[in-house]
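Below are two complexes that have subunit A in common, paired first with subunit B and then with subunit C.
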Partner chain A sequence: MEIERLGEWLFFYLVFPGAAFTLALGLALSWVDRKVGALVQWRQGPPPGQPFWDVVKLLGKEVIVPQPAWTGFLVLPFVACAAALLAATLVWHAALGLPGGALGDLVVVFYLLAIPGLAVVLGGAASGNPLAAAGASREMKLILGYELPLLMALLVPVFQQRLVEGRQVAAATLSLEGLVRFQELAGEAVYRPSGLLALLVALICCQAKLGLVPFDLAEADTELAEGALLEYSGPPLAMFKLTQAVQLATLPVLLVTVLWGGVERSPGGVATFGAKVLALVTLFVLIRNTNPRVRIDQALRFFWGPATAVAILALALARLGW
Partner chain B sequence: MSPLLLPILLPAALGLAALLLPGRRHGTSSTLAVLGALGLLGSGLAILDRREGFSRPWLELGPIEVEFALRVDGFSSWAVVFVGLLTVVAALYSAGWWRGRGGAPGRHAALVLLAGAGGAAALLADDLLTFVLGWEMVTLALFLLAIAGRDDAGAGAAKAYTLLGVGDLALLLGAVVLGLERAGAGVAQPWSLSGLAAAPLATASAPTVAAYLLLLLAAMAKAGAMPMHSWIPTMSTTTHAAVMAYLPGSLDKVLGIYLVARMSVDWFVPSTPLRYTVMTIGALTILCGVMMALVQHDLRRLLSFHAVSQVGYMLLGLGTGTLVGAMGGIFHMVNHALYKSCLFLGAGTVERETGTMELDRLGGLGRTMPVTFGCMFVAALSISGVPPLNGFASKWLVYQGCVAADEPAMLVAALLGSVLTLASFVKVLHSVFWGARPARLDGARERGGVGMPVSMLTLAGLCLALGVFAAWSLERFVGPAVGLERGAGAALAGERSTWGPLHGPAPAPALELPNALFSPVAVTGLLVLGTLLALGVGYLGALRSRRVRPAFVGGELFDRERHRFPGTEFYRTVGELPWLGRALALGESGRLDVHEIFRRAGAPVVELLRRGHSGLLQDYVAWCLLGTVVLLALLFWS
Partner chain C sequence: MSDRKVIQIGPFHPLLEEPVGFSLTVEGERVVAIEARMDYIHKGLERLAQERTYDMVPILLERICGICSVTHSVCFCNAVEDLLGVEIPPRAAYIRTILGELERLHSHLLWVGLAGHFIGYNTVFMWAWKYREPVCDAFEMLTGHRQNSALPMVGGVRRDLPEEYFPAVRRMLDELEGQTARLTAAVLDDPVLAARLKGVGVLSPAAALDFGVVGPTARASGLATDVRRDEPYAAYAELDWRVILRPEGDVFAKAVVRLLEIPESIGILRQCLDRMPAGPLNLGTLHVPRGEGIGRYEAPRGEDVHYVRSNGTNMPERLKVRAPSFVNIPSFKASCLGAPMADVMITLAACDPCYSCTERAMTLVDGRGAPIAAAPGLLAASRQRTFALARAFGRAPDLDLALD
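Now for the complex of A and B:
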């Protein structure tokens, strides 16, 4: 990156579409999550500002460090938040077609999005509490489970053969900008059978990545008392909560961007994009509120079994031009 | 004397001195080892970026005229410098390790230097048979180092020597087939490697394909690709950690992948089926290796399976036949040597202090062994390909190679391998450094002087530096290896010209789309900045005042001996999955091991030969006479 781009990217990262914007959006979406959840259960639900005030309150609470923990225990939540925000910046940057050249592609975003999960695992393992370690082990197995089908689903738009100007071609690039541009030329990936299957698989995988029911095994209040997050308190816990909010505002955007097209530069385009993202978030919330928690071996079997099979099918169909 | 001889003669001479010096004290031999290694590094730096040759006729065997020929180019000079660096690290670490222990440090020092000299000879060789010679020196040094480990090291060393011996035999055969084929085609210097590089062979005829496959087999045995890998895990449990780090961990990989890189870039134009062979071996090695690692209980065995698995990325990258993939494969070879040495050395330090490598019996060492922990942490993130470390940069290039070659299945295998590696190292970090520390390990500290921490810190620092400044590394030493004297760093910026095929012109892209890119400096910078800002927010909140309290479970302080969650429990679920679990159990039983399969198949023959060994002198004399008669008969016949 040249030095003149630095100012531009600092703005992207810290203000829009990065930290300030994504945090606000994430907290708003987590309010949507809580409100819809409440409505499903015939409750009133919180006021819109509640997630924000929760975080502010946590930031002011005392930090209690378990004795066997290591310094990284306290730093990891902050790294997780920074990484999730950077991923959000890159995804939004591509979706909106902002200037300034990209900093990373689909793989980079994928890895940045893996850092929060990894931080939860490492933090839980480092806390020295056996229950947290059990939670960390579950989280890691869950990551193992969902990453395979999620990867394949996200690769569908890269290898999907489409008709452009009378020729069968695939995007054949991992660049997010490239995928958005390709869908402008060839039509959105999701409107083909392979793309639709990919979206379905990716949706379920993201449910697990967000740690929502039925895949909330790592926190599992009733079994592990918050699991990997058990020993966290105060600002580090607030950072993990913020990270979850950021992920809630990033994963649906990523799915929409690579499978359902970027943002068109018009009020209608922005509204359509917003509606697509909101539709996915609503789906997350509905699945979350209508399912019981699964066991870890069931989750692994599901992700490595049917989910992977469907993802392979999607990838094969994509190669055939379906 | 030609400067090309120095990287071979200097370490060899000092190694000999270490072996022969009467004062077999630890200090003298360690100093000689470090000096010899520095000599190798220094003489490597002296020939950096030079282009020259050296040759001396050697002997004539019928149609085969053997020359002792050396030549240095961009790739080999960097590779020699790198081997020098690895040798310095190994020597430094060993200096600390032998402090206050019995054993034979002089012999150890001599063999490490012999391996370094052999490696340099193979890398600088400009003649097929010189290459074989250097390669064989490394095998010999490995065997002698492995057998000197513990009392029970014999079996592992013998297995290593057998499998490597098969590889070396394949190398020799391949070299002879290749040389004779070229001699038959009327090439002036059929054994010269620079001659071969000047006109790469199309793998069209049967002898060329045979030569390619034989050389590939040799490289696979050396680097430890499946199915020729099984010597690494077997010897790992009984061999000195510094030896594991230096030979199977780094030098053997460098040589094996150097050979594959030369084959696929310079010597041959591999046909599509051959490329697919290499890619498939790569992808299977990645996945099977890492799955086996996931269920290991012994830290060194676990690290060995990862050493196997990572070779898959290098083969996969080179097998894609694209510039970007090949660069990724070669860059990964460098990165692997760095982080894997660091991991093996860290494991060695842990073993030196605790006396065990059983993950069940370790735990909570992060506070008492902070340097080891920090270095292994960085190396573990690097091998798992977490940005911005060096492992990510090279794997990223391999992924792009898979896309450029239009191989979704290979790409999925490579990406999945990374995730599994990460999972495996989470288990390692948890079981060694976190969790509750058994009371038995309370006295474990980092002892052994500065040599050990300095060597590990060097490696971990390089992991970080090569990751953040990946563009520089590509430009400087990976580019020349694939024939790009300039502009290789642009591969990270998605420059299309660096994404074409290795051989032949690049096809025009179907669509003008933005290409994938990765900007490590910017990503790292923003990540660090974001973390610092977030920490600032934390400090504005209540992060300033922290209270340290003991952890408790169920309202009670827990007993750290009884209430542990050992890392070995982490992936028990995976081992219990229906058919995957069974496959893993089969792998662990050793029934899929090539060595084991051939041992069983060959057992009748061995038994027959064994019967001939009666131990009676007259029997052996009779055998000798019989042999002489057969030889004479053959001579008269012709």
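Now for the complex of A and C:
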């Protein structure tokens, strides 16, 4: 990283497409989540500013630290939010094709996106509350469950054999920008059977990563009373809520970028990209509102069974050029 | 085992709509022991009933439960009428039946919604409660209030139902029939719901008999008990309906029994509205002689029993309430132990427990189990506190400290 371009990168991280932009988008999307959910349930739903004011209110609340908690309890929410924002910056950077060359590849983004989940696990365990510990252990199991099929699904566009200028080639790159450019050349990955299967698997895994029903086991408010987040209050809780909003604005974008093409540089292209992201978010919300919460053993059996099997099938199909 | 933890559910917890305490001892996700504590909101209504006349008691007893207001007041009337050995006028019997079945409708829909909420299915929660709303509206049209009608009285009912609202109630029933049919079909077909509820919290017929469970909890375990059929009160002897039975005993069966009882209740209501006889509403003022009586009533949650003893005055000498949840709740010992925590939560809720009806004044113990105070001492302490509060606010106490 050249030092003279530090300003540019700071702008990317702090303003656009990083913190300021992603936070605003995430809060807007969490309003979409709440509004669509309300419509499904025949309710009115909140006004558009509600998620924002919820965070503002939390930021002004007292921080209560339980006695057995260690420093990590307060640090982790901020780490989670910072990591999610960094991941968001990298994903958006690639999706928009911003200048400055490749900032990070799929593996980096994947690891950054795992940090919020781990922060919830550690934070929950750090609080010393038995309900939070139960939530943390569920979250840990869930991470072990969904990460493998999610990674395999995201690798499908890397190995997918496509016909470009009469030759069978694969993208064979982990760089997000490379994947976007390859899809510009060869067509979006999702329009092949392997790409579609990969999108389906990735969608379900992201449902779990976002902690939405049917995989909201770690929070499970009617069982664990918010589980791992139980002891959090005030600004640290606001950070976790913001992290969830950032993830809601990052995961669909990641899926679209990797499997469904980046942003074309035209008003139509931006609108198409926005529509794709919105479609995925709406799918998350609909799945969330038409399912009960599953048990942790059922969730693990699902991710290690059918989800992994379909991801392997998608990888095989991709290799065969389907 | 060293990895044992105690998970405290309640007295305040999102799972509970009323304060109750469940201490679950868990190993990992598996629940190995449960301790229940039910003395947070004891209201002393049995005692209060002993200080009110027979005319006032049914109105007081509507306050036992937030849902079963008709249940407890009619059950008390059944008990006193058993003592008196009188038959109530047919119109009063039909009116009591209508009120009871409307209550069953909204109570079952309430449970379906709550059960959905407990397993994170908030759409079912919202839909079921939306369907429930017109039932409460019908109750209000007929009685003037969504919950507490103040209609049942010893020897009949206090007021008539306004017949001009019967067409509106019929329309409500027609709509509700279609809505619950769709809801039932959706629940029966949902594979995730089936995976989540089938085979969960099984209460075997033998265990159901052992614990003496009642109502839908018993009927979902294949026990055909229904007071409406076994010992008909009100107008049930003249009406046609089926007792819904499921043999499985799991949470899914309990949900199905309740869902299928909704159309049966709708049928009963239609018959009542069609056949409503004319005639007097009550037997007028009755003198209650010495003696004792037992009232039985099929509440939405099962058989409710009231025992009344009279000493010949105008107030009952003793009233004993045995709410259905009192026998249903302990069945968790047979259906929950050894199950994963997520299953225990929904199983605890599956008997539709109603805690304030079940409340007992217990002995207060400290952390090591040594008794701190028993019922008489608690009563005295409570009176002293009321007295002190009244003094602090500069009001005359409405209690006489020298009462006993």
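As a working rule, the second predicted complex is superposed on the first by the 322 of 322 C-alpha atoms of A that agree within 3 Å, B and C clash if a C-alpha of one lies under 4 Å from a C-alpha of the other, contacts with A are read in each partner's own complex, and residues count from 1 in each chain.
One rule holds in what follows: a residue touches a chain if its C-beta (ideal position, glycine included) is under 8 Å from a C-beta of that chain, and two chains touch if they have at least 3 such contacts.
Since the structure is predicted, the reported quantities are computational estimates derived from the model, not experimental observations.
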In the superposed arrangement, which partner chain does A:130 touch: subunit B (first), subunit C (second), both, or neither? both
In the superposed arrangement, does A:194 touch subunit B (first), subunit C (second), both or neither? neither
One more residue to check, A:247. First (subunit B), second (subunit C), both or neither? neither
Partner chain(s) touched by A:297 [first = subunit B, second = subunit C, both, neither]: both
Touch test for A:289: subunit B only (first), subunit C only (second), both, or neither? second
Which partner does A:148 contact after superposing on A: first (subunit B), second (subunit C), both, neither? first
With the two structures laid over each other on chain A, which partner does A:30 touch: subunit B (first), subunit C (second), both, or neither? neither
Larger contact residue set on subunit A - subunit B or subunit C: B
When the two structures are overlaid on chain A, which partner does A:82 contact: first (subunit B), second (subunit C), both, or neither? first
Touching both subunit C and subunit B, counted on subunit A across the two superposed complexes: 130-131, 133-134, 137, 296-297
Which of the residues in subunit B end up touching subunit A in this complex? 364, 366-367, 373, 377, 385-387, 392, 396, 399-400, 403-404, 406, 408, 411-412, 415-416, 419-420, 422-423, 426-427, 429-430, 433-437, 494, 509-511, 513-519, 521-523, 526-527, 529-531, 533-535, 537-538, 540-543, 545-551, 553, 558, 563-565, 569-571, 573-574, 576-578, 580
Hey, which residues of subunit C end up touching subunit A in the complex? 5-8, 13-15, 26, 28-29, 116-127, 130, 190, 192-193, 195-196, 340-343, 345
Could you please specify the touching residues of subunit A with respect to subunit B in the complex? 1, 9, 13-14, 19, 59-68, 70, 72, 74-75, 78-79, 81-83, 85-86, 89, 101-108, 110-112, 114-115, 118, 121-122, 125-131, 133-134, 136-137, 140-141, 143-144, 147-148, 151-152, 155, 158-159, 164, 167, 169-175, 177-178, 181-182, 185, 231, 234-236, 238-239, 296-297, 300-301, 304, 315, 319
Which subunit A residues qualify as touching subunit C in the complex? 37, 40-43, 130-131, 133-134, 137-138, 213-214, 216-217, 220-223, 225, 289-298
